[in-house]
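Let me begin by presenting the structure, written as structure tokens, before commenting on it.
The chains carry the letters A, B, C and D, assigned in the order they are written, with residues numbered from 1 in each.
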């Protein structure tokens, strides 16, 4: 009969009208600034650069290998590797820019980074009063501590830290072996003040750099660890150039 | 455009008589500026050309229909698209295979999961890359969730186009949010999932996630029941949609229509059944078919497909094996398939979504081509709209289910 | 109200007219103090004035009270509508706008005020090629016609601004101008969407005027008067002491009420008959080229029209300001009127929240092929009811049965005919 | 002659006169409607409440719609009258029809016994009285008019329904080849 369907519809809307006062399944609005939904751990927004230790720029894990720059689909990353006075690469980015207006948060830079240096942020309140503010993020703005990474992606970060620690342990062992071999080879060598890399790596990366290593001075971005220089001080340096890319194949631009 | 029956225009489009204080109406909306009034037979007024869009509440984005009206009846309708053209295919040829994956999200931004799958399927075919079984199941789960999402949205949009003050749309979006939450929890993004990889997928689904997805699938029938009680039996909706925008079976086949539109016209063609890609042959599901090919059928077919999707989901959750999600030999970086070509297609929610790739052995595809279902389904718009009123054109367009990101690419 | 002024400036005005106007709001003895509150309040203000002044001021006060009352109702209604729509759609609706410069939100009560300020401060855009005069006149005319209709509504016991002998006729005569205004707006905007909307408005209003007028003819027949107070008077009393003599509680009255409300939906351009401003088809129809204050006026007029038609429906079918039960008469009459009015307005909102929109040909077909015949048959039903008013006992039952059949039979038959072309479908699977 | 009467008459006649002289048909139609409203005001002034409201309801509410529809649906052409071959015949017909109407009205007005009311209180007729008069004394006239209108309505329906044979939902038949003229 004419009107039955209409009445049924009215019944449904009435049910929803009443239900929206008592049924949580029927009032799903999150009143945003006061209430917030919990972000899932996998949530991703624009990328940031992870640094270990306390020094934002010096502690960057990034070695300016430019893989992400090449792989970035919209090509929003711009990197200039840093060089020392002699013109040799220092394995540090001099310029690391991400054009936020171009970036599409696809996470490919994170996937391709062999050094776990770039990660996805969860910061979504990024509105600015000026329309051109903070569209191009510089290295300083991008750098965020490992503790922050731990905070936003705890499970993933723990995994990454464990992996890094494992790699570092292996590298240290290798370096130690190499050093011992060198020592054995050069029997007349002076017993240097090479730091013994025997400290077990902490699984939580919130501690300062676990292994003190001098940045590689070699020109090639090869993931081989250079011999440890005995002159460095462990306190000031942070771990960079974590050598082994555990996930993927050969790094290299 | 298709070989639509040629409609004789009774002269040139002009404004209805008596409209304008002066004789010639300069319409800011219509292209070409002034329209010249023409002489028609005694009993008909002049034709009125209305340019609906690109900014119009119900053209689903920046789409434009230049409708020539006799009274309110459409005698000619010219779809204009390309406002959202962004060189998708050319970009695909200038970026790596992996780099195109996030771009496929942006084709049909409601169904990024199925776009991902179709693209991954094409690349996997090209490279001969096997996929772990767990990933195959996850792909089915995500594709069916996407189908739920897309059809739910469509039902909402269609009802919105018929003027239902947003209520069905809001109910649809309420449910859609739940699926989007699942996608976000899994892939990190609600709509731009970028989830599939060649030879696997990016993140494994946790047991909690699977539990939540199972809950959603189990509760979805309840929502569909409520939604159908609200609107399916509604006399106004039936009057508005039944017999409106009929697409004959012959036209549907010859125009290359796919997806629910084709099945609403009564053609039994579902790539899930035809190709049996992925692990679909392992599932038991039915393909609903319409007999009239009108807007109501197109709406109802989608509702019924959602119910079938729920069945597939239940089976997939029950059968989901454990194991790796990524083929160990699969490469993320430095991916260079052998020279050759491949066409990978799946049954997307809107129809056949396919990617055609030619590799010359380099890191970028030599040719990258998308077969977008929305675009091809849209080509029959005029044939369906002729003789109907302008109000019908809006819901016919709504029932085609287009996403302009995919139409214009 | 213009009638009032018109008659006063002319010395040759007739007696009947004067009489009917010079005595608005006379408090009857025996009413409770609460009941007479509006009149007491008015007398407090004007009782010390000399007689001619007093008449003028009383009229002015009545006008002001009605206008302000409905303006506030309009403001509230916009909020309530959005809230109810929101709740139906599982949203909270506007709930943030409270007192400015404070954190008080008051459930969004500040929203109408904020909307008003926004509307007033928005730029008033007139298309260059528009017919400027008509473009300006349309909202003014629409609002004027809508306000005129309030003049004869009995808002409570002895609370009728103008007591007219042909009050109901006046109401619909004044309301008849609204479609003209809608047409003017659509045509003068010089926009194709607006023009289509204007055509639709004409077709729609011309179709629904007829069932609207036919639907209340039985009421007039039964009440034997065209005056609004007379109609309310005719619905006084209770059967068995608890069933009120409202027209809606009779078979013909219920049918007439439904026809009236459906036509009222169409007359006030409300969903599912909001074709002139169908936003998914015609952008905003006749409102496409309006902005700022003029748009607000249109909006206001639409709500005024809705309120006026609902108030008329209350008067004609729901017993006006009368209480539903005898012991509830302690509650003042104007409160009952307001409650009934709100109930009907809520119905309007509820319907808007639920239904899709009809197409223009279906809309007119529904009017001419369903509502008009139904209204005509209902006239016959009412005549039968009137002729058999002295049947009693088992005959009374027969009377009810026959009347119900007279209403339901045509409804089923014509409804089936109307919905012949469509039905729910079953689907096959491959 | 009161001021009100003057104003009403001025509005009524003025809008009618302006309506005839305007080139814009819609404006003319709206002014015509204003003129009808003026007549309603006159009835009101004269104390014929019911007639006034009926005039408003019927003319301003309904007939106006028909007029506007007719104006909108008729193709507007300035050259219609000038080049029409039978312009003279039309003029003659118009004069004849107008003259006849005028004559009938004039005769009716002159022959009607209109008492010049000396008092300031004209006779008022309540709705009930009017209804009784209509259904009693003048029932025959009412019925005849009703029948006449019904016949006219049926005729209009028949006229309108012929030539609308094609079922809805079918594209309009091709009448002319698609010629595109531009200028």
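Following the convention adopted for this analysis, contacts are C-beta pairs under 8 Å (C-beta built on N, C-alpha and C of every residue); 3 or more make two chains touch, one makes a residue touch a chain.
Predicted model only: the values in this text are computed from it and were never measured.
K.L.:
Which chain has its C-alpha centre closest to the mean of all protein C-alpha atoms shown?
P.N.:
Of the chains present, the most centrally placed is B.
K.L.:
Which chain maximises the distance between its CA centroid and that of chain D?
P.N.:
Centroid comparison gives A as the farthest chain from chain D.
K.L.:
Hey, how far is the Cα centre of chain B from the one of chain C, in Å?
P.N.:
Taking the average C-alpha coordinate of chain B and of chain C, the gap between them is 43 Å.
K.L.:
Could you work out how far the Cα centre of chain A sits from that of chain B, in whole Å?
P.N.:
The computed centroid separation for chain A versus chain B comes out at 37 Å.
K.L.:
Would you kindly tell me how far, in whole Å, the mean C-alpha position of chain D lies from that of chain C?
P.N.:
Spacing between the chain centres: roughly 28 Å.
K.L.:
For chain B versus chain D, what separation do you get between their C-alpha means, in angstrom?
P.N.:
54
K.L.:
Tell me, which residues of chain B touch at least two other chains?
P.N.:
Within chain B, the residues that touch at least two other chains are 16, 19, 21, 167, 171, 174, 230-238, 243.
K.L.:
Could you say which residues in chain D touch two or more other chains, in rising order?
P.N.:
Counting only residues that touch two or more other chains, chain D contributes 26, 72, 168.
K.L.:
Which residues belonging to chain A are in contact with no fewer than two other chains?
P.N.:
Counting only residues that touch two or more other chains, chain A contributes 2-3, 6, 9, 12-13, 16, 28.
K.L.:
Quick check on the complex: what are the chain C residues that touch chain A?
P.N.:
It comes out as residues 84, 87-92, 350-351, 353-355, 411-412, 415-416, 418-419.
K.L.:
For the complex, give me every residue of chain A touching chain C.
P.N.:
Interface residues on the chain A side: 1-3, 6, 9-10, 12-14, 16-17, 19-21, 26-29, 31.
K.L.:
So in the complex, the part of chain B that touches chain C is made up of which residues?
P.N.:
15-16, 19-21, 25-27, 29-30, 48, 50, 56-58, 69, 72, 159-167, 170-171, 174, 230-240, 242-243, 268, 270, 273, 286-292, 296-297, 300-301, 304, 389-392, 394
K.L.:
Write out the stretch or stretches of chain C touching chain D in their complex.
P.N.:
My answer: residues 3, 6, 9-12, 14-17, 134, 164-166, 169-170, 172-177, 179-180, 183-184, 187, 198-199, 202-203, 205-206, 209, 213, 224-226, 361.
K.L.:
What does chain A use to touch chain B in their complex?
P.N.:
Its residues touching chain B are 2-6, 8-9, 11-13, 16, 28, 40, 42-44, 67, 71-73, 104-108, 111-112, 120, 247-250.
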